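Here chain A shows up in two complexes: once beside chain B, once beside chain C.
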Partner chain A sequence: VAKTSLTSPPWPEVELPDPVEEAKYHAEVVQKVNKMIATGQYGRLFAVVHFASKQWKITSEDLIMMDNVLEAECGDRIRMEKVLLVGADDFTLVGRPLLGKDLVRVEATVIEKTESWPKINMHFWKRHNYQRKKIIVNPQTVLRINTIEIFPCLS
Partner chain B sequence: MVLLSAPRWLRSRLTDRFWRVQEVLKYARHFRGRKNRCYKLAVRSVRRAFVKSTKARREKKRFLRALWITRIEAASLEHGLKYSAFISNLLKSQVELNRKMIADLAIYEPKTFKSLAALAQRRRQEGFLAALGDGKEPEGIFSRIVHHY
Partner chain C sequence: RYVRQLQRLQLLFSPTAADARGARQFVEEAALDFARRHPDVVLYVSPRSGWAPLLLAEYLNGTVREELIAGKTSEEIAQLATKLAGQSGLDIVRIRKPFHTDNPSVQGQWHPLTNKPSALTIQGPRLQPQ
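And then the complex of A and B:
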């Protein structure tokens, strides 16, 4: 049959590796990473956490400031549960979309609850004698991330 | 000041003009030219500055998102993927990192970004294979190959 522009798709032809061999390779890698986590061969861990409708990239001894009120008193320990990604120097654990609660543990303490600097909202239309000025002060909370721990329960 | 009788009111004079003027001038101290000293010019400049800052607070979000997208595009091109392919395949693999995080990872965690790019590439290839299907013609349809017997 003659070759036209539509005989083959416009993307280059790719072959995926053998599924059986791939499954074996995946199991090997998972076991290696599990061993590394169990023996504690990682340095500093970083995590991507979804908190206060924002995503933060955090490590231990980190300060985070949120532009809203948290219903915890100063000095309370908080566990952040929605962890999207955890990584160290040699491996990363990517959640789809979240990682399990029995795999990662992120602890934080509430340090400070203050108000933001007074932000000024002004509207002005020229030649119409219209101006409105409003001062907005948002409550803020400061958290210190104490620890990020991972447990070797990969499968 | 509380003035307790009418004769006192009629003879009152404005005594805190200095502080009312300073309230406006304190926001103009870092401006250039006479508008950092003269009240009449400063009032107009300060008003414009406030209005511009309110509008800029809304535009900052758009600007930062465009910046993150540019950075992710540059980083994914280094790994041989375009931004559209990268983001669409990441979303199809149910990884819900937003653009700010991916841009930060691309800057500070290059190995993690490389693994994300590899994930997106692999999902892209699987998508191509799924789109091709079995390679057979659909049923009940004349093939375009005409057999002459």
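And then the complex of A and C:
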């Protein structure tokens, strides 16, 4: 059959490597990462955490605010589970979808429990003498992420 | 290490006025419990006649918040006091972002030239073979 411009797709054809070689390569990479974690060669760690129905990218010593009330008192230490991703300067650990609890540990403290600024909720229809005004104040909590730690037990 | 941002709570009420009844009940019953539960807050109780009952809260950054407690029951005053104890002295204004980081990027911030091969290794129909 003659070759036209539409016989092969316009992107370059990619050949997948051998599965055996791939497995060896994967094992090597895992060993290297394990060694790095065990010797403690990582600098700053960041993590993606699912908390209060939102996903946050957090590092140590940073502030996060939620629009709800937590059951912890001010000054309590909280451990966050549901970690989706952990990364450092040279490597990242991606969870499917979550990482194990014995791998990562994210700790945070409740700093403040305030209310939001007063939001105005108003309905007004013109020429109908209809207006309703309501002031909404939401309770908020402020957390500070203390530490993110990883433990060398990959597989 | 957690430092409570509330410095002092001053409860000013008058012993005779009718709208300070809740404040007087709070002082009789619940003030001791509140002081025991929050040991790092100083609670001053000072009766003065002729003034409206007030709850003054001073924070570590110098802001002073006054809340009127006229006509409130002692439970409401206790709730108010716990709410003030949990706040910090920052102004309650619209905050633009619910997060704040000092180090936003760990692996280096993305710019359009990351993950792209440099001009030496590129192969394309436009570059002449050398």
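We take it that the second predicted complex is superposed on the first by the 141 of 155 C-alpha atoms of A that agree within 3 Å, B and C clash if a C-alpha of one lies under 4 Å from a C-alpha of the other, contacts with A are read in each partner's own complex, and residues count from 1 in each chain.
The rule is short, and it goes like this: a contact is a pair of C-beta atoms (placed from the backbone, for glycine too) under 8 Å apart; a residue touches a chain by one contact, two chains touch by 3 or more.
Keep in mind the model is a prediction, meaning the values are calculated, not measured.
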Kindly classify A:F46 by the partners it touches after superposition: chain B alone (first), chain C alone (second), both, or neither? both
Going by the contact rule set out at the top, does A:E115 touch chain B (first), chain C (second), both, or neither? second
If we overlay the two complexes on their shared chain A, which of chain B and chain C does A:P97 touch? Say first, second, both or neither. first
Now for A:K133: first (chain B), second (chain C), both, or neither, which partner does it touch? first
Touch test for A:V30: chain B only (first), chain C only (second), both, or neither? neither
Pick one for A:G75: touches chain B only (first), chain C only (second), both, or neither. second
When the two structures are overlaid on chain A, which partner does A:A38 contact: first (chain B), second (chain C), both, or neither? neither
With the two complexes superposed on chain A, say which partner A:G87 touches: chain B (first), chain C (second), both, or neither. both
In chain A, both chain B and chain C touch residues 46, 87, 89
Write out the stretch or stretches of chain C touching chain A in their complex. 2, 4-5, 83, 85-88, 92-95, 98-103, 106-107
Footprint of chain B on chain A - complex, ascending: 1, 9, 11, 14, 16, 46, 48, 55, 57, 84-85, 87, 89, 92, 94-97, 119-124, 131, 133
Residue numbers of chain B touching chain A in their complex, please. 47-48, 50-51, 53-54, 57, 93-98, 100-101, 104-105, 108-109, 111-112, 115-116, 119, 125-126, 128-129, 131-132, 145
Quick check on the complex: what are the chain A residues that touch chain C? 43-46, 56, 58-59, 61-67, 74-75, 87-89, 109, 111-118, 142
